[in-house]
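Look at the two complexes coming up: subunit A is in both, with subunit B in one and subunit C in the other.
So, the complex of A and B:
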């Protein structure tokens, strides 16, 4: 049993009950008793969370507290030792291997250094399928990058690399957007642009998860903030 | 479909963008053509052979490896350097790309493709294609080099040349047997070893995996056994030409079994692997 936003949330193996009313698991992300150990160290310790579409969720915590690992787990990159992640009614690693519609920026984005930003995103879009060239250009423009920029990723500044990572995450407007430290290395003007884009996406019904060290920015953007300490939601 | 999309990406990044790796089989082929031509010319001068040879003569000369080695203090063991460099070149080509792709681009690729199995399948296809192209570059340059040296375009060897040069009974060898032991078998075995190397690079490290492959080839040069897989890549050690040799069809079967086992093992490994 744990407390969230003034609600008493009881997690049961077969379902999830909020104030004794069963929550519909077909919407958003339901994390139930999630545990993960890596080389003997506890990374995620019985994490229970409910995240709904159309909201921005902030994750706060010290370095190594488990924010990024939780994000990786939600993305399907990490295999849980115990517990479940249910996304829109489907259990990760049982019904699906990855969330059906997700975009993520986790840590430093590592694109192909010899390719331009547009070419990098186009290649990833082709792997994903169903994302048109115009959507690739739109994603770049939304983050303040020029789709026609002939510079390769190698020649990008730190901020431009970050923008490209965000453009990749929001490309095609996925249902779930996971952003780990998205405003790192960005100038004030760009931070404003990114914030307004995220709010627009939230208003379109997208579920956004953000980890950020900047308390003010996180509080401004997030509808709900979760604090993580030693792999536990506190 | 996802496998094909990923495979296309692997072809672009792992083969086309790394075209310079194929300079090694090209240099190997050119050097072997020159050596073979010089040898043949020398034998011609002494009346050993009457013609300029055929394309198959040049291929057999290039892919000879070494004869079965039996320990003798008067006959020190020397690794056949041309064969060794050629095989190690293929192993080097396979050493880093897959590992780096996972370590550097893994998150982006897995999240875009959303298919762990497709990623591994595309790596297997990339490995197979990479080795086939590697050998094809060598064979094509050998063939073009042989033709430019005045050789006949026939895929049938000049028996007098092969018999007198290698001291083997070449009379009984059919064209299909020559192609099997000099072209298909070395390619198939190298594909199997490379696939195993790629998988091992994730479980161990690329350096350890590459070192293991080097060790396998050195052991193969010393021992002519079914488990010393490199022996299959040297036609002079084929059971078609020596009683102590390894069976070519056994080599084909070995390579198929290794490829299937590696394919399944990789699938299991990556379906439960954490991507950081």
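So, the complex of A and C:
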């Protein structure tokens, strides 16, 4: 057992207790004492978190506080220097190389410029397998994009690119959805649509992590909000 | 397998593959067209004299073989750099392992390089075969590259020109694939897509120039890949050069596909 910043960590055994919450390591995400340095600067500093399915978790913090890096770590894109990330009972980079069921929009949405939105998603769906064409169309429609739009990604507006990024993250309704600043560049109407879609997904038991600068939106959407400062949860 | 399928799909549906094939085919067509204009339907001329690879009297043979690494790298090799630069690799690496991604990228780049170089040569062979008969080349003709006993596959050149041509198309395709893999490997240190695509070309030309002076070109890939065989190359030299380059490329790929952050 160790204690950091008043956060009791007792993850080594199944059914242990953290801040009076009984932890079942087979559900959701358990981040244990996660540390990461990049080129000498501390990016994540002994991060401990428990995230359960069927909830929306908000990450709040200043620019460079470590929100995006924490999301990258959850997605398996960042190799921890210390600590571990346990997803549905499996330790990332030890038991699994990447999360089994995850959708992510991290920073700017990036796709193949010569392809249409539908074709881009279809290609990425083929990587995962088990996602039908109708599910690809559904993901596009849910974010307000037209699956039959013949414009290529290159010709998309900033808002449309963002919508496509969200569509990619929610396509196939993965167990974990990670969205970094999802409502950036979106109009009010679309923000409303995205919010209701995220709530629907949460109600279906999906674990959603959102980073957002807009305090009101984050408070509206999130069941729990974590504040990050200098790579630490405060 | 899904990642490989994904990368192959991208590689063979990109416009640069078609542009690369088109450029190579234009050079081949110019060569064959010029040969036809100069020699018409001269009955003494045979297929192997008209084919781009062994027709050395015009500039197009040299042009094609000097530009070969560009034709190979243009279609797909540069996409590793652009994936990293744009952040597209994040979309892939949340759904597959980095090792699988890198391996598939190299295989797809190899395949696209192979196809980009071999298709124009095959099309030229098809065109030349339609215009000129298969037959033994005249050893004394100035039109014939004159592959004598000390060169590679002289018995094929003089006895079975078709097999000689197809064998060299295969060798050229293999080297083209290797150039594309080299380009993927160097992308990690490149500042832009252009430099990643240009790297194999620069190495190929520079080593060609230097080795031409040092060892009469027998260790130069620039000379090796040309079916005209400007200098005497032994099979073991070709195998050593190929294996060395392939091993270095595979090791670099393996090193960078290990546990690394995707930023």
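Criterion: the second predicted complex is superposed on the first by the 214 of 234 C-alpha atoms of A that agree within 3 Å, B and C clash if a C-alpha of one lies under 4 Å from a C-alpha of the other, contacts with A are read in each partner's own complex, and residues count from 1 in each chain.
Just so we're on the same page, a residue touches a chain if its C-beta (ideal position, glycine included) is under 8 Å from a C-beta of that chain, and two chains touch if they have at least 3 such contacts.
On a predicted model such as this, the values are computed, not experimentally measured, just so you know.
Visitor: Using the overlay on subunit A, decide if subunit B and subunit C clash or can fit next to each other.
Guide: With subunit A aligned, subunit B runs into subunit C, so clash.
Visitor: Looking at A:195, would you say it contacts subunit B, subunit C, both, or neither? Reply first, second, both or neither.
Guide: So A:195 meets neither subunit B nor subunit C here.
Visitor: Quick check for you: in the superposed arrangement, does A:232 touch first (subunit B), second (subunit C), both or neither?
Guide: A:232 contacts neither subunit B nor subunit C.
Visitor: Identify the partner contact of A:55: answer first if only subunit B is touched, second if only subunit C is, both if each is, neither if none is.
Guide: neither
Visitor: Which of the two partners, first being subunit B and second being subunit C, lies in contact with A:129: first, second, both, or neither?
Guide: Both subunit B and subunit C are touched by A:129.
Visitor: Looking at the overlay, what does A:138 touch: subunit B (first), subunit C (second), both, or neither?
Guide: The answer is neither, since A:138 touches no partner chain.
Visitor: Where does A:108 make contact in the superposed view: on subunit B (first), on subunit C (second), on both, or on neither?
Guide: Touch status of A:108: second partner only.
Visitor: Identify the partner contact of A:213: answer first if only subunit B is touched, second if only subunit C is, both if each is, neither if none is.
Guide: Touch status of A:213: no partner.
Visitor: Taking the two structures together, which residues of subunit A meet both subunit B and subunit C?
Guide: Residues 38, 72, 75-79, 97-99, 102-104, 106-107, 110-112, 114, 123-124, 126-129, 168, which sit in both footprints.
Visitor: In their complex, what parts of subunit B are in touch with subunit A?
Guide: These residues of subunit B touch subunit A: 1-2, 5-6, 9, 13, 17, 104-105, 107-116, 271-276.
Visitor: What part of subunit C is in contact with subunit A in the complex they form?
Guide: Result: residues 2-3, 5-6, 9-10, 14-15, 86-88, 90-99, 259-263 of subunit C touch subunit A.
Visitor: Could you list, by residue number, the parts of subunit A that touch subunit C in their complex?
Guide: It comes out as residues 38, 72, 75-79, 93, 97-99, 102-104, 106-108, 110-112, 114, 123-124, 126-129, 168.
Visitor: Hey, which residues of subunit A end up touching subunit B in the complex?
Guide: Touching subunit B: residues 38, 72, 75-79, 97-100, 102-104, 106-107, 109-112, 114, 123-129, 168 of subunit A.
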